[in-house]
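Take a look at the structures below.
Next, two complexes with subunit A in common: one pairs it with subunit B, the other with subunit C.
Let's look at the complex of A and B:
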């Protein structure tokens, strides 16, 4: 049994002056080394969940727990030290004047001694492959590079959980790919636990588990292939199927007997050539 | 942009490697002592000292002249003003009603020189020191004021964030100019009143964006554990070496000599 990292129980939240709850009875668990994606269209409540998780908003009901620590006013700073979040806009979260200053920012805030800080900054920058840019200023970096620096800033804290709040949605395809590769690499080499909040199902394909949110509630929950096999229902939640799934659907319509389980390009290609050989 | 941050010229000279605190203090002492100089010997001493400092920069002289260029007109103007309006000593030239006296000429030269020395000294600092280093130095030098509840850390952080956002906002302004021009706003032509009106189409979205940025930045900083200066450590390190003591000592030395030799 894997260790439970984050548990969210019956979480509800209502913005002041809004008739409906933005988040309603949301319950989910994230285990160590897992990559969980929360998907949903704009206004589905997924970004509110992110703000609740790092204590920027206070829940109406429910409980958020990181390992054994319950999130409340007394523990919020301690928990922020143990989970990091990358936001959407690459420019508006770059605090330092250079790459290394920005990566050191969270460490400075937490009073880490300087010798240890230098070591951790170097290591974190290496982890995201930005060591050639140590002294560069933010306006000399691309969006994808800035997001990798933001990621390094969090890695330097050695967190238990990384939260990505639409971290790739403002990037061009190349930048998106860079950030995703950095994340995949992190998970492979260090069993990092990742919670990514996104409306991009292509990104969600990378996850072990997908949680679909609509109108503040969890409407589907499972592995990518489980979720993608919902097909038409996803369109109801205003989510666009990833390219692989679209192709698969077209192929199935032309009468090729494909299983419901393949979710990635590799799986689909494997299935296709096996089918061809067996014919 | 060139006025504010483009003045720093990267190099590996002795001066560049000095502690920014030493350079800042030296500049302050020098600037104060310039006002005590009042005869040929003292001005010569100050000029010679500055000349040595500028040589140690190991930066082409044209960069230093570039820093001086914007003030040359003011220098020339003050020179002429003093030369013509001071009526002391023997008459040197007489052109109709206007006369130039020996005292006036001397005063004009001294005052212009004072201007040039001050500007050259600040240029010496900005060429060799990045704005961030200056910020660090300010925070460190004024650190003791924290006891009197002066928010030194907060001011320094504000300064460094402003510096970091200058290029970002410049980029955004450029984008906004293009976007509004594409919608038919004319920023360069038309009567003055029209052009001022056109500026609002640029300034309003720019301000709204800047406020939104500030809010998001504040959220991101809080999420990364920022809680003010209390209990914070610093990544950038200022190291005071013997060379820094030398700089400060020689500046103080020049000041003392100056006080001895002044008329």
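Let's look at the complex of A and C:
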């Protein structure tokens, strides 16, 4: 049995002056070494969940626990040290005058000895492929580079849980791939636990488990293949099928008898080839 | 307005120990009325290039001509005001620039700055809001009470209210969900057609470049690496991948299928529809 890292029970939240709850009765669990993706369109409540998790907002009902510690006013500072969050816009997260200072900031705050700090900063920057920029000023970096530095700042803290709030949505395809690979690597080698909040289903495919949110509620929950088999329903939640699934569905409608199995471009091509030979 | 770059270099902090070359020897010609997509790996100079289009940056060497305006390193800032009315720039996350008490005041800010009367500005605000598909009732609301997608539309309306001839878009759909992205891109495509704009789109989404642009400019390490139609640019997959760029997934699928089957699909497959038609023709015959 895997260790329970994060548990969220019956979480609800309502913004002041809004008629409806932005988050309604949300319950989910994240286990050690798992990658869980919360997906939903803009305004589905998924970012509100992220803010509740790190105590930026206070829930109306419900409970959030990291291991055995309940999140409340007394524990919020302690818990924030153990959860790293990367937000969507890295510009709002920079404090250092150089890339390495920025990555070191949180370590300094937490009183990590200098030798260890130097080592951790370098390792974290290497993990995101930014070692050529150690002494550059963050505001001269492009968006994708900034986001990788922000991620390095979190990695250097070696938290129990990394939360990514749309953190790759501004990266170019290659940058995004690098960050995703770094995350996959982290989880594999260090059993890092990841909660990613995204509307990019291609990114969510990487996760072990996907939670779909719509209008503040969890509307689906399962493995990526469970969730993508929802097909039409995903469109109701303003989500798009991943490219291969979309093409496959349209081809099926034209009378090409594709199976449900192929999930990658290569698999789809193989299947089309077989059907083409036998036609 | 035609846009021409002639041997443009841009160096951040020129003549200082912090000098950093962001653009070099950029030659580029964008004809009036075209929709151009600028693509390139992060840090390739796309955003620096874009900031030359309304004189936020002026070239360190070389010159930029935009219609009747010429930008060189001798430019005085105050001479740029008329240019900035003609070139509307939608920056990344434009909603972060909202600041007024009401949506109406925020949209009116640009037109008022350029000297139109308050009545005219209000009229333009109303029209611009309709253009971006938002209801008139929002005019009296605070922009900060709106959803993220609505805020972005209001910010875009603020640019449109100035009635620019050139619309410059720096990753305008970043952070939007797939549906929001499509809605916003369709909006720009429509404006481009209806208002006969010159549109310059900086994007990471090769699918959008393929679908909407007449021409694609590929930036690499601070200079123009290649220009051409989407069909020509996305033809050479290996070459693009070498400089860290992808091709639209439709093109990738087409290529892999062609290699496997050993037959050519006579369609560029730049959109899902073209790809489906191409595969259909392969299976069922008929013209593409």
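Following the convention adopted for this analysis, the second predicted complex is superposed on the first by the 248 of 279 C-alpha atoms of A that agree within 3 Å, B and C clash if a C-alpha of one lies under 4 Å from a C-alpha of the other, contacts with A are read in each partner's own complex, and residues count from 1 in each chain.
FYI, a contact is a pair of C-beta atoms (placed from the backbone, for glycine too) under 8 Å apart; a residue touches a chain by one contact, two chains touch by 3 or more.
Given the structure is predicted, the values throughout are model-derived calculations rather than measurements.
For A:173, using the defined touch cut-off, is the partner it touches subunit B, subunit C, both, or neither? Pick first, second, both or neither.
second
If you stack the two complexes on chain A, which partner ends up touching A:89: first (subunit B), second (subunit C), both, or neither?
both
In the overlaid three-chain picture, which partner chain does A:108 touch, first (subunit B) or second (subunit C), both, or neither?
A:108: touches subunit B, not subunit C.
Based on the superposed arrangement, let me know which partner A:273 touches: subunit B (first), subunit C (second), both, or neither?
second
Once chain A of both complexes is superposed, is A:43 in touch with subunit B (first), subunit C (second), both, or neither?
A:43 contacts subunit C only, not subunit B.
Mind working out whether A:97 is in touch with subunit B, subunit C, both or neither, as first, second, both or neither?
first
Please report the subunit A residues shared by its interface with subunit B and its interface with subunit C.
89
Mind pulling up the subunit B residues that touch subunit A in the complex?
So the residues of subunit B in touch with subunit A come to 132, 160-161, 163-164, 167-168, 171, 213, 216-217, 219-227, 231-237.
For a test of understanding, state which residues of subunit C touch subunit A in their complex under the given definition.
The touching residues are 12, 20, 41-43, 47, 92-93, 96, 147-149, 171, 174-180, 204, 206, 244-246, 249-250, 252-253, 256-257, 260-261, 272, 275-276, 279-280, 282-284.
Please name which positions on subunit A make contact with subunit B in the complex.
These residues of subunit A touch subunit B: 54, 56, 77, 80-81, 84-85, 87, 89, 91-98, 100-101, 104-114, 117-118, 121, 137-139, 153-154.
Spell out the residues on subunit A that touch subunit C in their complex, using ranges where they run on.
Residues 41-43, 88-89, 140-145, 166, 169-175, 199, 238-240, 243, 246-247, 250-251, 254-256, 265-266, 268-270, 272-273, 275-276, 279.
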